[in-house]
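Both complexes shown next keep chain A, but they swap its partner, so chain B is in the first and chain C is in the second.
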Partner chain A sequence: MSAVMKAPDVRDAYLASLAPDVHSLAGPGPEWLNALRAEAAACVNSQPYPTTQDEEWRFTDFGLLRKTAFASAADISLEVSLADIEPFVLPESEKSRLVFVNGIYAPHLSACAGLPQGVVISNLAAGLPLHDAVIRTHLAQQVDFHNEAFAALNTSHIRDGALVLITKDTACPAPIHLLFIATGADMPQANYPRCLIIADAGSTCALIEDYVCLNQGVYFTSAVSEITLGENAAVEHTRLQRESLSAFHMAYGAVALARGSNYTAHNIAFGARISRHDLRIKQNGEAAQCTLNGLALISGRQIADTHTVMDHTKPNGQSTQLHKCIADGGAHAVFNGKIFVRKDAQHTNAAQQSRNLLLSNKARIDTKPQLEIFADDVKCAHGATVSQLETEEMFYLNSRGLDALTARNLLIYGFAEEIVDRIPVTSLIKQLSKTLSEQILEHT
Partner chain B sequence: MSTTLEALINRPYEYGFVTDIESDAIPKGLSEDVIRLISKKKNEPDWLLEFRLNAYRHWLTMTEPVWANVSHAKIDYQDIIYYSAPKPKKKLASMDEVDPELLRTFEKLGVPMHERKMLANVAVDVIFDSVSVTTTYKEKLAEVGIIFCSFSEAVQHHPELVKQYLGSVVPSADNFFAALNSAVFTDGSFCYIPKNTRCPMDLSTYFRINNAESGQFERTLIIAEEGSHVSYLEGCTAPRFDTNQLHAAVVELVVLDNAEIKYSTVQNWYAGDENGVGGIYNFVTKRGLCKGVNSKISWTQVETGSAITWKYPSCVLLGDNSIGEFYSVALTNHHQQADTGTKMIHIGKNTRSRIVSKGISAGQSNNSYRGLVKISAKADGARNYSQCDSMLIGSACGAHTFPYIEVMNSTAKVEHEASTSRIGEDQMFYFASRGIGGEEAVSMIINGFCKEVFNHLPMEFAVEATKLLGLKLEGSVG
Partner chain C sequence: MISSNSKVILEVRNLSASVAGIEILKGINLTVRSGEVHAIMGPNGSGKSTFSKVLAGHPGYTVTGGEVLFEGQNLLELPPEERARNGVFLAFQYPIEIPGVSNSAFLRLTYNTQQAHRGGEELDPLEFNDFIQEKCKIVEMDPSFLDRSVNEGFSGGEKKRNEILQMAVLDPRLAILDETDSGLDIDALRIVASGVNKLMTPDNAVIMVTHYQRLLNYITPDFVHVMRRGRIIKTGGKELALELETRGYDWLDDEHQKAASV
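Right, the complex of A and B next:
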């Protein structure tokens, strides 16, 4: 018997069809990157395709994805012009924008001029020769691709991606806009966007990770983002998922917090036929703080699944989470929020709320807030509600002359706006508020 | 827990079986032959044997569930004796012969004298003759037409009722342990409340008429006909010793129109020693079906014993306007593990459910609440409120909450909240400054924490449960 444990080969033909072929694994990048990609490709083969039989995938059936064959995206970035992306451009980020078309870097659409010293915003391929050591230390270190088939798939496809490095005690003056455009081409394509964000000790920055589409086509986005915060660093991260309504979106986010750092996230999901966002946050240092805001507004036959893990491993940590789902039509919203408080994480203060609005009898909401506590001197609470619009609130608005439809839309808007309003970029709030009212109108 | 109590619990039960065990036990292991033998020994009708065999055949295709937040060594199902006839215990002449430690526990719990004697297996004197007590009870119940007997008796005397309802709430293939129970159950309780009858007293298992050991694979079936009402008590606060490690019971409740069942449990089985060696694995399937309109099921449980508790008393709210309630206190100490909670399945219109769960973890124990609230598409106007609070005592224990909320109806209202707290030094100081000692203070704080649940226990149970928690936590807070 061989003493070496080998990962079982449970090769799933569909996943294998998405994985890069062996020849392309040896790319032009550094040797360690090729090795990493090969390791990830092996992991794709050692993991089964997730089904509703798996506890973590119980409510979200990704079986539909399997019915479509996706080709790896070709570089058609030059076919996209600045005018095409105009609706998504944020004036605040005019000089701090990276644009990717189908996951491939588009330099002619990006703008990263006049950045202060200590701020690096570039594509990963260009950043590699300059920051090889830093990238090597952090890339694929946080996302658990050994146990997540789709994270492994993305990792095996790393060619390029977004790279943000903020050096010690530097404040990035403008929000950084990472715009991922899907063209929604005629042929179903698979895109593999990747983000690596490292905020060194004492630095601050605001990030906008934005997934948009130009056409309502069928495509598959498998995204991975890794964020590392140094001591006392602060990152405010807005993540927008406004993919095509026929698209599949599967994303992993992993965030590591050092002592005294502060991470705030606004996760907004409007699009995709089936979407799933897995966010894992680990407080590795004392007194780290974390705020998570989430909103999913879906209708038709959309499925939006958000899984978050908030892991408190050191004392005096804090976390606050508010996740809202609005499901109309035959939509299905899923929320699973885990909070771990490890043995050493005394004096943790963790609060989590899941608020859900169910607007139709064909819609469905599954929510599972989950607490696992191993320390005794902590303050932890969670709450979950599923409800519909209050008749009293409706009556109030009616009595002030608003017709039923206007009143309804106003209440839904108000429910969602609470999350949108927390985004730190004014132009984006405007953009989203407009989308929000349009979407609510569309559903009625 | 005090050392004396530990000693008591760890002591092998000395006053137990004296008859030759070999004479009426069948060999270890499980097979169709063993099931046929059990059925034959119990003189069961063919349909019941068929029920058992079907369950067994299905059980063979199932695998042991691994999703619960507990860990234990693999159970060897072929290493269990599945049938042994009820054995008469040696009667003791007087209370003087009873183990003094057991007496101390009774003293602390305030168990009434005649009950102490029954529990300690002392021959009861003329005044409190258990036979006469139970006979009086039996007469009283028969007057109003209530059937309350052991499951085996019910199979012999009321086969039509058993046949109609057995497996109707917990199908024999429901889950691994329910299937095992359905195949090999030996006895249990049966209770039938006729139409428009209010049971005149709380029915309690340890006053059950035939007084035989209910055993390892217990089966309980309670049927409340239209407009009836019954309050049923299971278990008792006194520590219960048992040589069987695995317990897989099934409890089925059926409630028809406008009827109500209130089911209260106090469980204090052997929990293993302070190093987590030994102790009972309590894997129970309890489910009630609110079949009729305006029906109601209320589960109240105080779980303090067993090395592992795996238990989810559930309500299927099928009838319109039916109500399900679940009130639970689960306490774990040392290396105990509890994964307990409830399921509320809303199917009928305007169904309501309420869940109040209090978990207390001490020592190196782990205590999990796992609950499901499911509102199906047709359950218009369904309403649920859940609250689960955890208390941690010491820094080596764990408290976990796994609430599943699945809503498919847009007129439903579901609320869930959970919190975690501990006994703070400031609270202890406050008590101390008012001259209240440590143990008493802990007892009072715990009592306050669990009050909402204890309020739903029958009076005498509530009093004993309060003391029991204090007793179980002795020495945990320093």
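Right, the complex of A and C next:
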């Protein structure tokens, strides 16, 4: 707890090592991008980093992160082969995959051949000359990097990233796999993955934003994703955080919904020593729909913190959220889900559920659903439960011949699988179900 | 199907049990032989459901006296999973939903666990699929229910059918059906009852716990026992159920008290 008491202006090892170097700010790309990086860098250098004394960060004690110095990632993407990433490859995305190694684009691992007209999947650097105007209109426009330290850090380090553009009324035929690989090298290093997704009016696509590791090393991922949905667009977004168990993962996601659009997210967190995911969704148009499914399954000394903000600003919007945490060992899971229903957002229908499973006496789960309603004609519901495995459920399985351990594991598996099952990619469900069974068995 | 030289499957002697310090069963005696169907009837709160849960080993109940022999073995010293593997099956009054676990995976896991215990052959998913398709016919269950999560979103009747499907898979020596008829419409009742009848053999036995006589129109009991305040106060043939239907339970109470005071 001593880290908590430190004054925020003390520059810890990680802050000193992560701070953008003004001299190297001018990177590839147009002048406006340099200006953006410089502006973000100024924010990084001027604003205090959050500590557990900040209300929004009080459970994310990343004291361990503060003690670590990180080197910037060098380009070692060529040392990674297709065979190395094979366990993560999805057959459904054979021709719609972008791979980044330690945040750096790896063309030899990516595969985006034969995409239909109206679908652009490329790295940001390659996309810039072709789509400068649209990128400039959207990049860093939704993340509030002036107030979010880690978003500023990522923005100041933008070199490359994933770019997905789906033009008007186009349906992307295959799920798009954005695979971010951390090599988990000997030296702790920092990676800055970035995603920019623009789904124009009437378009549809499925995305998989996937953070994986090749080795269980110490590293730091600071990720930012921005997603814009045009009118009546539909995006189904699966986000997997399966980082090294020694890694730090600080991620920020911002989603903007236009009239009649439909955004579905499946946010799954298995990995990282300390992880934090901030997700902000804004319904900017009428009758937008949003479904958020979340699952954190952690053990040992892992911390997984999810903060979501669902902001209804226009009438007739809908949102449904189910977030589950399972904490074993001495792990600590946190969920904070805010729902705003603004004055104009009449006839909003918002439902949020936080369901949690504590598997050990030393594990801890903090859940905080928050509703702030300023409109008078709305339907909102929220609820939170934290429980241990139920006697009746256990007895049912025992009475079918399953012993206590098998019954327990099956119930934990089912609790988690209910979320995993909702992912729209069959091969990914299989991958994750296998991981689930292995993780549950490992910790019994 | 009564035959005096059949094997005794279950022998309950003076069984008493309590929950949270309150005595619910106050000395039950019951002998069940292979090939027999026993109906246990009684008003609400008589202890019928408690009796079935105690036999299956529910951890919420404390056995305070008596003994239960299952095929000659002390049943009460076994944890519920071992009772199940040895051949005791309880069809739940309120089957539990297990979201995220597919019905077919669950059935296969329980079947293979059972087989491992009995030294039988375990089935891989393909083999099990053939096996379970046949079992589904017994309860007229659409095979699409196999891909759904266990009992999740099932109607009352579908849940009860799923219980009998599990019974068909596990092939128990003694099946205890706890209010299996409750919440069923007439068609579902017919299907569930016909499933049970198809599963009856000269080597197994069924105990039906029920509040109403109507299930007994479909599954004919060899014995009808009436429970009242934690005891079996009267035993008769299937005609006793009909008498209960017309006269209710109170007359038995009077008769029992008279007998006790003599």
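Everything that follows uses one rule, which is that the second predicted complex is superposed on the first by the 429 of 444 C-alpha atoms of A that agree within 3 Å, B and C clash if a C-alpha of one lies under 4 Å from a C-alpha of the other, contacts with A are read in each partner's own complex, and residues count from 1 in each chain.
Operating definition for what follows: contacts are C-beta pairs under 8 Å (C-beta built on N, C-alpha and C of every residue); 3 or more make two chains touch, one makes a residue touch a chain.
Owing to the predicted nature of the structure, the values given are computational and were not obtained by experimental measurement.
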- Who touches more of chain A, chain B or chain C? B
- Which superposed partner A:Ala375 touches (first chain B, second chain C, both, neither): first
- Message: With both complexes overlaid on chain A, does A:Asn356 touch chain B (first), chain C (second), both or neither?
- Response: first
- Message: In the overlaid three-chain picture, which partner chain does A:Ile365 touch, first (chain B) or second (chain C), both, or neither?
- Response: first
- Query: Does chain B (first) or chain C (second) touch A:Tyr14, or do both, or does neither?
  - Reply: neither
- Message: Taking the superposition on A as described, I'd like to know which of chain B and chain C A:Trp32 touches: first, second, both or neither.
- Response: neither
- Query: Contact residues on chain A for chain B in the complex?
  - Reply: 55, 59, 343, 346, 356, 358-388
- Message: Can you tell me which positions in chain C touch chain A when the two form their complex?
- Response: 56-60, 79-81, 83-85, 89-90, 92, 95-96, 98-101, 106, 109-110, 113-114, 117, 149-150, 166, 170
- Task: Using the touch definition up top, name the residues of chain A that touch chain C in the complex.
- Result: 391-393, 395-404, 406-407, 410-411, 413-421
- Note on the structure: The residues of chain B that touch chain A in their complex are 67, 375, 377, 390, 392-422
